[in-house]
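Labels for the chains are A, B, C, D and E, by order of writing; each one numbers its residues from 1.
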Amino acid sequence: MDSILLSALIFSPLLGILVLLFVPKTDEVVIKWVGLLATLLPLALAFLVFIGFDQTKEALQFAEQYKWIDFHIQPLDAGNDFVISYDLGVNGLSVVLLLLTAIVSTLAAAASVWIKDQWKGYFMLFLLLEIGMLGVFASQNLLLFFIFFEITLIPTFFLIGKWGYLDKEKAAYSFLIYNGLGSAILLIVFIILYMKAGTMNFTGLSAYLSQSPEMLERLYMGEDFRLGLLIALLVALGVKLPIVPLHSWMLQVHVQAPPPIVMIHSGILLKIGAYGLLQFGVGFFPGEFEKIAFWIALLGVINLLYGAFIAFVQIDFKKVLAYSSVSHMGIVLIGIASLTEAGTQGAMFQVVSHGLISALLFFIVGLIYQRTGTSLITHLGGLAKVMPITAGFLLVGGLASLGLPGMSGFISEFMAFLGLFKTMPVLAAIGTLGIILTAVYILRAVLTITFGETKPMLISIKEARFVEWLPALILTFFIILIGVYPAILSDMLHLTIEAMTAGKGAMS
Amino acid sequence: MTTQKLLSFDWGMMAPEFTILIVATLLSLIDLFMPNKASRKPLALFAIAGVVIAIVFATLQIGDPTGSILFDTYRFDAFALAFKLLFLFATGLILLLAMDYKGEKNWQYRGEFFYLILTALLGAMMMASSADLITLFVGLELLSISSYILAGIRKTNLHSNEAAFKYVVNGGIATAITLFGMSYVYGLTGTTNLYSIGEALTDPIVEQNGFLLLIAFVMLFVGLSFKIAAAPFHMWAPDVYQGSPTPITAFLSVVSKTAGFVLILKVFILSFLSGQGGWHTTILLELQPYIAFIAGITMIVGNVIALRQRNIKRMFAYSSIAHAGYVLVPFVSLSLLVFKATWFYLLAYLLMNIGAFAVIQFISERDKSEDITAFSGLYKRSPLVAVMMSLFMISLAGLPFTAGFIGKFGIFMSTLSTGHYVLASVMVTTTVISYVYYFNVLVQMYFRNGVVDRIRPSVGLLLVMVICTVGTLAFGIYPSAALEFFHNGFDMTQLLEK
Amino acid sequence: MELYHLYQNNYLVVLMFLLLGILLPVVALTAGKLLRPSKPTKEKQTTYESGIEPFHQSWVQYNVRYYIFALLFVIFDVETVFLYPWAVAYEKLGIFALIEMTIFIIMLLIGLIYAWKKKVLKWM
Amino acid sequence: MSSVPLSVYLVLALILFCIGLYGALTKRNAVIVLISIELMLNAVNINLVAFAKFGINPNITGQIFALFTITVAAAEAAVGLAILIALYRNRKTVNVDEMNILKR
Amino acid sequence: MIQDLLYSAPSYLNTLIFFALGAGLLMMVLGFVTYAILAERKVIGFMQLRVGPNRVGGPLGLLQTVADVLKLLLKEDTIPKAADRPLFILAPVIAFAPAFMVLAVIPFSESLRFSDIGIGLLYYIAISGISTVGILMGGWASNNKYALLGGMRSAAQMISYEVPLVMSVIGIILLTGSLNLVEIVEAQQNLAYLFVQPLAFFIFIIASVAELNRTPFDLPEAESELVAGYHVEYSGFRWAFFMLTEYVYLFAMASITTILFLGGWNPIPFLDFIPGVIWFAIKFSFIVFVMIWIRATLPRLRADQLMSFGWKVLLPLALLNIFISAVIKEIWF
């Protein structure tokens, strides 16, 4: 209760915004440095939280709770007070994601050196976005979660729409509408829960929803009703994740947004969907989730295969990566749907690892685009000769993405499928096809770019400087770290996921 | 009626109204005897001072017990006071806008502008306080007639003329329909007191004449839907909003609309719901689905047509139609939160809408254009104004950390707590649609390039913008400030006590 | 019942007067038709314009002043709706009603002064 | 000559009201539109006075209401005509169909 | 006699009797008009030292007006081609009917009266306003520039003076506490309102002269500017009806003035052996004479003076009078 570490973490980027306000907007270098340095503070704080997190305790940590809004609804039954609090706290899932957010943000800020104009506005929005992302993972309250979730929409809209490529505005609108709809559905679900349970606190809701079925029936929360809520949640978060029929906006964003924003978007924003699915879907409605687990797994497999197939025929490397994200999110779904500890762990691993890998790959794409002005696979070829280091990182990223043992991707895919094989072997078997496909399209794209004959227009390209590939190095470090020492994550996740998959509710 | 009886009434309760009345009267006289070629701006300051004094008087009344004068035709309760404060606050801001408005030739010599706003305000305040159909009607017409004139006050401007004429015709039809409904209500109950009507409607004789009651109800509702510009009776709003002077557009979309809602809440809840027949058989509850339908249509029409608008004031007209739909939602749901949700939403709407109109006035006067492209490149021309406008837009769209979000949240709570899932879904979907046109303004301001010159708003406009910005943000981040104020200061059960 | 009859009879009388008022012109004109000559010529039926050939229609726009006076009339005449009942019931209402009516009349006067100052009352 | 029943007044008022509404919605001449509105308001007055005299609970309130309606109707008509005059001065038409410069 | 009739149940016979009585009054009024015109000629001729009007047909000129009427009856009736025919024909009727209708409520004495409605004064004022419509209609339907202008002027003038007229009688209503004309007369048993309400009388007389379109307020038919005003195009008996309207109004206006300000049929103290009707006739004649006198003496006003006078002098005075009356009532009664 007394720690304000999480608040400090969430709002620390605000400091950067304030400083930026007083920097003249023509002063490019200062702005960029301030922008970068401002992300270091949350990074440091996130590390503090990560280190300070006690892996042996299942309970919430660093919790903060202050009374915030009171609508003063006369309680219909005593005990419910309908107060909304400012609730923060971390469990195993969120602590990992917080750190991931901080890391990717810092690296994306570093990647932002390529931004060409309007640096001041860019970095202010960027930092605002970081506040939103951090807030989402640290909230312990539906309203707060939702608010931070929406907060991410506005800066992202601007960052895409202003600093993106040709079709940027269309992409920005598409992003806004899809996510707006998703979040709107989310809001309805949240408020229904609030009106039923009288609280928005995760713990309180879990407790409310884990009452006996007869009791819930009496509170007008029958089984069908809960199932309906869960499906609504699935749709809402499925937009974000994205689950296949709802994914078209994400492709536009990945192609049109500036590289640092794609890093963040693909690395973190998509993960909010997965996080929400775990936290609310599995956490609040374990019984109902089990009922539709098969369908979710099926969706996961569809995601996996569909993404892989389409990625196979793309010529724009960005599109390849975008579809690969769709495909990889399928693995997250598969892991969650397995409802086993291993599967869920796998899903979380996939969340983290995909966050790192896609950040790395999009960083490299940005780097290449910066040098060559293109991201078409056919235009790039034999890059290894002119940009050996960059090409090397690209290779590493690609291999990590296809799940090479020793890297994070392998662990996550392995565990997710392990989980699914336990519960739905047939689906799992089909799903593994996707892994093979992944290997094929990734290798096709990466190898085309790195090896082969150097295209004439690429001859004069200069290799990236050290500062430019430093972020890639850091990302690679983490990818391999998780790959060889997964315990660093699994220890964190273990208790929380165990509690979840045991059907007891997330944090009780 | 004896003199003693009249003197025994506590006229002090009417202090805010009297203040406004006296200030309006004085203003009209001062205006008449001022030299023709003297600027009328000081009158605006005087008017604002009057509004501030009235706010002080009204604030002093917070927490007072219910009182009534003139044989229960005029009531003072928390409901009235809460909405009066909204009216006063909004009018104060609008007067600031009006002060800096540059209308047409010789505009600065037009004093009517200011005191007509005050008389309109007086009408709205009367509506909030009245407990009798006659008083209610007089208040309504005082507001309406003043608004008609205000809409057409730019005499030489064709847009203004046309807007005013359309307003008069539509307003007149609406008035007639409302009155026709009222006459049946009176005929059925033999009284015009809202509370007595509520009781009298439980009389079996009313049930025998159920069709008359139905006609009365429908007519009243139709007439009042005109006033709040709810679909399908919204056709006048875009034309009127576009043609009126910008401060008046703000006035119409905020004060007039709020007054309409006050009327709806008052008449329907007191007369058609509070009868002894209880909560299960009243006509209001029977017809609830139809009202829900109207609310839904209003939201859809407003938001969808707004998408196509190029004129910013017209766009805001449709946006305000949509918001009327939103505010109807808690009325439909009739949960325990109905007053709180409505009041808070209207407060938020007041702040963000007036703020937005301040910016619109600033830009449209500056560029002599009301086209949406006038906003292009605003961020480069005046970053502060652009940021404030963005905030208003975000708040209107209902995104977090703004008062608009909390307002919508309250409405959702109100709706979902009584299980109106469909209505909530319509509201949510249309809200998302509204993102497009609100963000279109942002796109203009940030993504497009327009004229490159530095521009600064005048002090009055800036003040309005800043107040609205602060309010929108403050109530968005810490809504309890307003919610606690409302909860502690205004006991809504006062409305229902006889 | 008697009073009711009185009420009805009174208006019956009024009705008769209306009837007479209409009948007289009708009868007289009909009678005149039988007596008077009727030899219409084109010249006779032209519009009189002091001897010159009439030109244009006469149904033209007239001065807007006329409308404004009509508006003023509407406003002031309707005030009697309040003044007459007040005057009739004055004895019962007493001093307070006087004060109220004074306020009302002052408002009326302000309206008049307004019209005056805005040069509405000036002819031409 | 017995007394006229309430329903006759009500029907009369309803007919007047409908005529007024029809006129207000369909007529092209602005003056006629304003007059139609007056017709609607007068229908209301008939209702009110009829109810005040022959209604279920006859009392004076209806007549008082009618007085207020009359005055307000006059004020509305005056404002409406004044606006119409201003409009006419600029536009030289009282045809409602031609009032369409807004929207464009 | 009439009283009994009024209290009996309505029947067709009653209706017939009322009709007959009304027709009787109509005849009387027509007689009045005939000789009022003659009187006007004579009085004006006498005052203005003109000899001509005194030498007219019949003994003492008694048959002159009758001859005039007969002449009019035999004259050809032309309706201009360009006129709006139905309205043109309707206009005299609409002008005349209300002029006669108002007489229904006027009590000439305690017994000689027709309708005794509670709101007599209001009825008078309301109905008399309708004539304006007839005049306006006539002016418009003629499709003649003079007529239109005359009609418009007349309407503007009549409505302008209607307001002070209406306001000036409020003092009387205040003092009486009733709109019933009989009660108003009875309230003057001791003192005629002329002395209590001199200001109101002054306003009322001026306004009524203006309402009657008589000199000095005869702008609508100003011969020198507008040829003949709204009835330029009227001829024969149609024209006669406009003329008739004017004089019937004169009759009505003089009657109502008598009732409101001169105490109606109330006798002057000590002379109450003379019947009420005679008293009424004397007072009435006096008013008529004053009207003619005014016409003979005063020149015509200019249009702008006319309007300013009505709105800027008479109306404020009338409002002031209301206030004074209320205060007087509060203090004395």
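One rule holds in what follows: a residue touches a chain if its C-beta (ideal position, glycine included) is under 8 Å from a C-beta of that chain, and two chains touch if they have at least 3 such contacts.
For clarity, every value in this text was computed on a predicted model and none was experimentally measured.
A.B. asks: To get from chain A to chain C along touching chains, fewest steps?
C.D. replies: When the steps are counted carefully, the minimum from chain A to chain C is 2.
A.B. asks: Could you find the chain whose CA centre sits the greatest distance from that of chain B?
C.D. replies: It is E whose centre lies farthest from that of chain B.
A.B. asks: Which chain's mean C-alpha position is the greatest distance from chain A's?
C.D. replies: Using the mean of the C-alpha atoms as each chain's centre, the farthest one from chain A is E.
A.B. asks: By Cα centroids, which chain is closest to the centre of the whole protein?
C.D. replies: That would be B.
A.B. asks: What chain pair has the highest count of contacting C-beta pairs?
C.D. replies: Result of the pairwise contact count: C-E comes out on top.
A.B. asks: If you average the CA atoms of chain A and of chain B, how far apart do the two points sit, in angstrom?
C.D. replies: Taking the average C-alpha coordinate of chain A and of chain B, the gap between them is 43 Å.
A.B. asks: Would you mind pulling out the distance in Å between where the CA atoms of chain B average out and where those of chain D do?
C.D. replies: That pair's centroid distance is 26 Å.
A.B. asks: Using mean C-alpha positions as chain centres, tell me how far chain A is from chain E in Å, no decimals.
C.D. replies: The separation of the two C-alpha centroids amounts to 94 Å.
A.B. asks: Mind checking the centre-to-centre distance between chain C and chain D? Centres are C-alpha means, answer in whole Å.
C.D. replies: Computed from C-alpha means, the inter-chain centre distance equals 19 Å.
A.B. asks: Which positions in chain D are in touch with at least two other chains?
C.D. replies: 1, 75, 82, in rising order.
A.B. asks: Mind pulling the residue numbers of chain B that touch at least two other chains?
C.D. replies: none
A.B. asks: Among the residues of chain E, which ones contact at least 2 other chains?
C.D. replies: Chain E, residues with two or more chain partners: 10.
A.B. asks: Residue numbers of chain D touching chain C in their complex, please.
C.D. replies: For chain D paired with chain C, touching residues are 1, 3, 67, 70-71, 74-75, 77-78, 81-82, 85, 89.
A.B. asks: Could you list, by residue number, the parts of chain C that touch chain E in their complex?
C.D. replies: Touch residues, chain C against chain E: 2, 5-6, 8-14, 16-22, 24-26, 28-29, 31-33, 35-40, 42, 44-50, 54, 57-59, 62-63, 65-66, 69-70, 72-73, 76-77, 80, 83-84, 87-91, 95, 98, 101-102, 105, 108-109, 112, 115-116, 121-124.
A.B. asks: Could you pull out which chain C residues touch chain B in their complex?
C.D. replies: 92-97, 107, 110, 113-114, 117
A.B. asks: State the interface residues of chain B toward chain A in the complex, per the touch definition above.
C.D. replies: 336-337, 340, 379, 394, 399-401, 405-406, 409-410, 412-413, 416-417, 421, 424-425, 428-429, 431-432, 435-436, 439, 442-443, 446-447, 478-480, 483-484, 487
A.B. asks: Which residues, counting only chain B, touch chain C once they are in their complex?
C.D. replies: Spelled out, the residues of chain B in touch with chain C are 1-3, 6-7, 25, 28-29, 32-33.
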